[in-house]
Amino acid sequence: MIFPIFFTFVLLLSTSHAADFCVGDLKAPESPAGYSCKKAEKVTVDDFVFSGLGVAGNTSNIIKAAVTPAFAAQFPGVNGLGISLARLDLASGGVIPFHTHPGASEVLLVTQGSIVAGFISSANSVYYKTLKKGDIMVFPQGLLHFQLNGGGYPATAFVSFSSPSPGLQILDFALFKNDLPTSLVAATTFLDVAQIKKLKGVLGGTN
Amino acid sequence: MIFPIFFTFVLLLSTSHAADFCVGDLKAPESPAGYSCKKAEKVTVDDFVFSGLGVAGNTSNIIKAAVTPAFAAQFPGVNGLGISLARLDLASGGVIPFHTHPGASEVLLVTQGSIVAGFISSANSVYYKTLKKGDIMVFPQGLLHFQLNGGGYPATAFVSFSSPSPGLQILDFALFKNDLPTSLVAATTFLDVAQIKKLKGVLGGTN
Amino acid sequence: MIFPIFFTFVLLLSTSHAADFCVGDLKAPESPAGYSCKKAEKVTVDDFVFSGLGVAGNTSNIIKAAVTPAFAAQFPGVNGLGISLARLDLASGGVIPFHTHPGASEVLLVTQGSIVAGFISSANSVYYKTLKKGDIMVFPQGLLHFQLNGGGYPATAFVSFSSPSPGLQILDFALFKNDLPTSLVAATTFLDVAQIKKLKGVLGGTN
Amino acid sequence: MIFPIFFTFVLLLSTSHAADFCVGDLKAPESPAGYSCKKAEKVTVDDFVFSGLGVAGNTSNIIKAAVTPAFAAQFPGVNGLGISLARLDLASGGVIPFHTHPGASEVLLVTQGSIVAGFISSANSVYYKTLKKGDIMVFPQGLLHFQLNGGGYPATAFVSFSSPSPGLQILDFALFKNDLPTSLVAATTFLDVAQIKKLKGVLGGTN
Amino acid sequence: MIFPIFFTFVLLLSTSHAADFCVGDLKAPESPAGYSCKKAEKVTVDDFVFSGLGVAGNTSNIIKAAVTPAFAAQFPGVNGLGISLARLDLASGGVIPFHTHPGASEVLLVTQGSIVAGFISSANSVYYKTLKKGDIMVFPQGLLHFQLNGGGYPATAFVSFSSPSPGLQILDFALFKNDLPTSLVAATTFLDVAQIKKLKGVLGGTN
Amino acid sequence: MIFPIFFTFVLLLSTSHAADFCVGDLKAPESPAGYSCKKAEKVTVDDFVFSGLGVAGNTSNIIKAAVTPAFAAQFPGVNGLGISLARLDLASGGVIPFHTHPGASEVLLVTQGSIVAGFISSANSVYYKTLKKGDIMVFPQGLLHFQLNGGGYPATAFVSFSSPSPGLQILDFALFKNDLPTSLVAATTFLDVAQIKKLKGVLGGTN
């Protein structure tokens, strides 16, 4: 019993792996579509598994919260697959302040405690709610949203994104944690100069 | 102090809501891009929140497992946003048998117990591993994969998809739980007729 | 001389117009891909032409600026075509305050005067420059950006978007021009309560 | 032996059919993504099968050629699936004159006779070759291309497209088979007025 | 008569070739969007033509069938163009057993003989039909499907895909032609161990 | 006051810049998705600003017109962002002859003078109009269109595209400004040989 067809298939399959996946090679050229692909023969199951979300982030900080990402840059197995995850830990009173993901929609899943979460639309409407364990909430791409632990206990959530590289722009960091001149921040936000200088001081911004 | 610019903005924003989201109206026409959009003025925060994943599915069944979806058809808030979720419950020995999602890649997050999960590539390579609580694993779009609770305790996982409507094709159901003639199944799978008839019997297939 | 082939072509062409364009019917169902298409036989050249950007917007307002959109909602000819435009008018000292377009990248073209424009990346880097007449600047999708007329003369610009419905989220409006509770704004922005109340007063926000 | 899980699955599967396919309902609203979907319960295997390409088109016409399309408008089963086909018949000396498909790339497969086929790039380079039975040639999206039967026998080919609605713009028809004024054609093509009038006469154009 | 505009155009056109095509350089880095592009100045018409489908595959094998691909890995001219082809040869009684293409929808065109073809949906519905010469059938992306020559004569078909790298996962190979442990196959398919061992024996699987 | 969270964020943000932008490195490998990305640390504001459109093109040529592109090849900041621009200058009587952009839809904005612009659809319908300063017109992807200055004064326009590399195929250049044999042009356009030879003479074509 001989199988000539297998030679055809072997040729086909060994060269067309990109149809299935493209594990990111973080040191090779990057294109608008993501990282270059690791050679198929070097890919192992560990490229598709990530254990970094199993440990709580350190919430001993000013926002009493931590974000642990499993984006393509940390978890190259999702490169090119249109999806990624992150873990949120919020101590009591912790907050992930207003932020956007320029490149993805997000679904938040509360796995411990309760979280007040919300977003604001282009039409300026406010959508927010207190979520309990097991609840999920979706935040459409690019819109300002927040998560806040208003309960007396720690809360944990896992967030999924519709991109392997969703990006993350935290409003306070964008405005106050760089060298954007105070006068320019004032002119483009209508915030008082004193307010801007105060937050620049807290976050380490200059100018 | 008057604000003529607001009139311009109000016009703009009240009509361009589709840039932000398109909550699915399940009874209106459906296009290849998803469901028609619910009118913006009828959208509330509850369209973006889903609580159905907070309760364990019933695992008193042949596979000792349950899948609870939060796809666009159950959770219309994700319509058009490129993402959805589902909950997996596996009793001890439970299994989500080999299946594919024709329309999405998947990331599995183990939140309780441990799960053996794996997939097979077009190149016929096998990638599987025992995942612990907090581990995540990615299954590239359209490839056969499975989840199995080999531990002595119940396991729970949440899966995220890169589409609001990922689809779900369970291999055993596709082959044995319909009226596809036994002779055709035999000819196209090389399974023995007795094996096919046995599984058709279990799953309720005919012909 | 007879042309049977024409019958084939007529059949083909009269029914496949969607390959070319899909002028939006604003009153018909809307999908995640945009508005439903106007019937091909009712489409005229005027569906593809828009004259609303030829007139300066009224800048007699608090920001001394005006935005006039030609998005799919105003200019249905661009529906489904991945592009739209808008006009910016800035009096001396006028500003389009920090804002994002959740659904599109933008290219700004200065046609009169000079404009200071800038954006901030996810990595918190600041990119801004004074643009003269004829200069163009690109703002990647979803990132906070601003335009400011620092010169002593009126300025005009035209902005192009990579989507027919780019959306527009103005930071100040999102935070201060709705009923989002002051305490929630304070907790999620670290702004002082007095600052929030002041801006809510100016912009008409409540709570 | 009871199967509670099946109830969950039945709910899931009966409502998420759009993940699999969206057979076009040609009379329902059309979106930029294609036709609205026929109700899943009315879909049969005949929606996925098309027999119209089995018969040669009538080549007794001026170009001695015929195009028989199986686009979404003729074969609604491909709606939303990113693919369609057509059949070309060319009598000896027959030609499909220069044309473009604005919405798709094309692969031509010669199944009978031989065909000279070619395209021209944006860089103005010419790529053409005589193709024999069994040869395939790809024409990148939107570029001018032609097919010509230079042999002494009839030729047949099947063309595949990367879109269910590729569109078809035949150069001669676009310029000479409508009411575009002769002076405008002359000014925008540099063709002589006599040449334009001659071809308008042949093809039925006016003005 | 001088042509300064040509200098502008030459600059433009010689550098923007990627808008037209991106012939794959199989040895350069690969991204999620496909292979890197061959330099434009080295591209010839032969990059766009492939003759490998003109010859019947060898059907002297266990499935009495052969698949000859013209995917991006064999035919780099289709790289990035959203389309590819393959040839199927089926001797009398030949079969392409149940398989999926994770990355593409497929249209099958019968050019010789007759073929029984079918697919199964996520909703577990069966769609199959006997196709004659000239018939076409579409198989939506990612769904299990088969082709079978039930006639007494050889059959030939050409299949088109909506991707240059559609992938190919053959069910029997995925389950029985690798080192996936028999116990795991049994647990995830409900097949009997004896059946699994038998097919592993035929196909060369281990464990 | 310590900020452990910042370490997490710094890790995240410094490695995920591709979510925001991918300034093209014109000398690195190119993929179907565009140019490889310049290293984030080398990107400056000047990568996002382009001043080349501020100067009128030279219209002392046969078409009395000039096109100045700001595509990805000239303005690498738009690489991967789905948008680009160009400037059109038309002396009195100037014309941008019939052409297509295979990879993008276009919106034309008249900023000086008046322009007659039009396009022809797959259905062979003609859409054209005289546009005044401030008017915009959209040309759907891949369709033949033209711009003509019928007024007695110079005209200027800026065109936006839905792709960073829209391509440009000018009909006359495609047919007459290369070595495509006259006989082949005649057979595929029905133009007279004398007409073809005349235009080849003007444009420098051979054969």
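Should a chain be cited, it is by its letter among A, B, C, D, E and F, assigned in written order, with residues numbered from 1 in that chain.
Just so we're on the same page, contacts are C-beta pairs under 8 Å (C-beta built on N, C-alpha and C of every residue); 3 or more make two chains touch, one makes a residue touch a chain.
Here the structure is a predicted model, which is why all the values come from computation and not from measurement.
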When each step joins two chains that touch, the fewest steps from chain C to chain E total 2
Chains adjacent to chain E and to chain F under the stated definition are A, D
Co-neighbours of chain A and chain E resolve to B, F
Equivalent interface to E-F (more than half of contact pairs same by residue no.) among B-E, C-F or A-E is A-E
Outermost chain relative to chain B, judged by CA means, is F
With centres defined as the mean of Cα atoms, the chain at greatest distance from chain D is chain A
Distance in whole angstrom between the CA centres of chain B and chain C is 35
Whole-angstrom distance, CA centroid of chain A to CA centroid of chain C, is 26
Residue ranges of chain A touching at least 2 other chains are 13, 16, 19-20, 29, 31-35, 81, 101-104, 118, 121-122, 124, 128, 140-141, 143, 163, 167-168, 173
Full set of chain pairs in contact is A-B, A-C, A-E, A-F, B-C, B-D, B-E, C-D, C-F, D-E, D-F, E-F
Listed in rising order, the residues of chain E that touch chain F in the complex are 1-6, 8-9, 11-13, 15-16, 18-20, 22, 25, 28-29, 31-37, 79-81
Interface with chain A, chain B side, in the complex: residues 13-14, 16-17, 19-21, 40, 44-46, 48-51, 53-55, 70, 75, 77-78, 81-85, 104-107, 109, 111, 118-119, 121-124, 127-129, 131-141, 143, 158, 160-163
Per the touch rule, the chain F residues reaching chain D in their complex are 95, 97-98, 100-103, 116, 118, 120-122, 124-126, 128, 140-144, 146, 148, 167-169, 171-175, 177-180, 184, 187-192, 195, 198-199, 202
Contacts from chain B onto chain D in the complex sit at residues 26, 29-35, 57-63, 65-69, 71-74, 101-104, 163, 165-168, 170, 173, 202
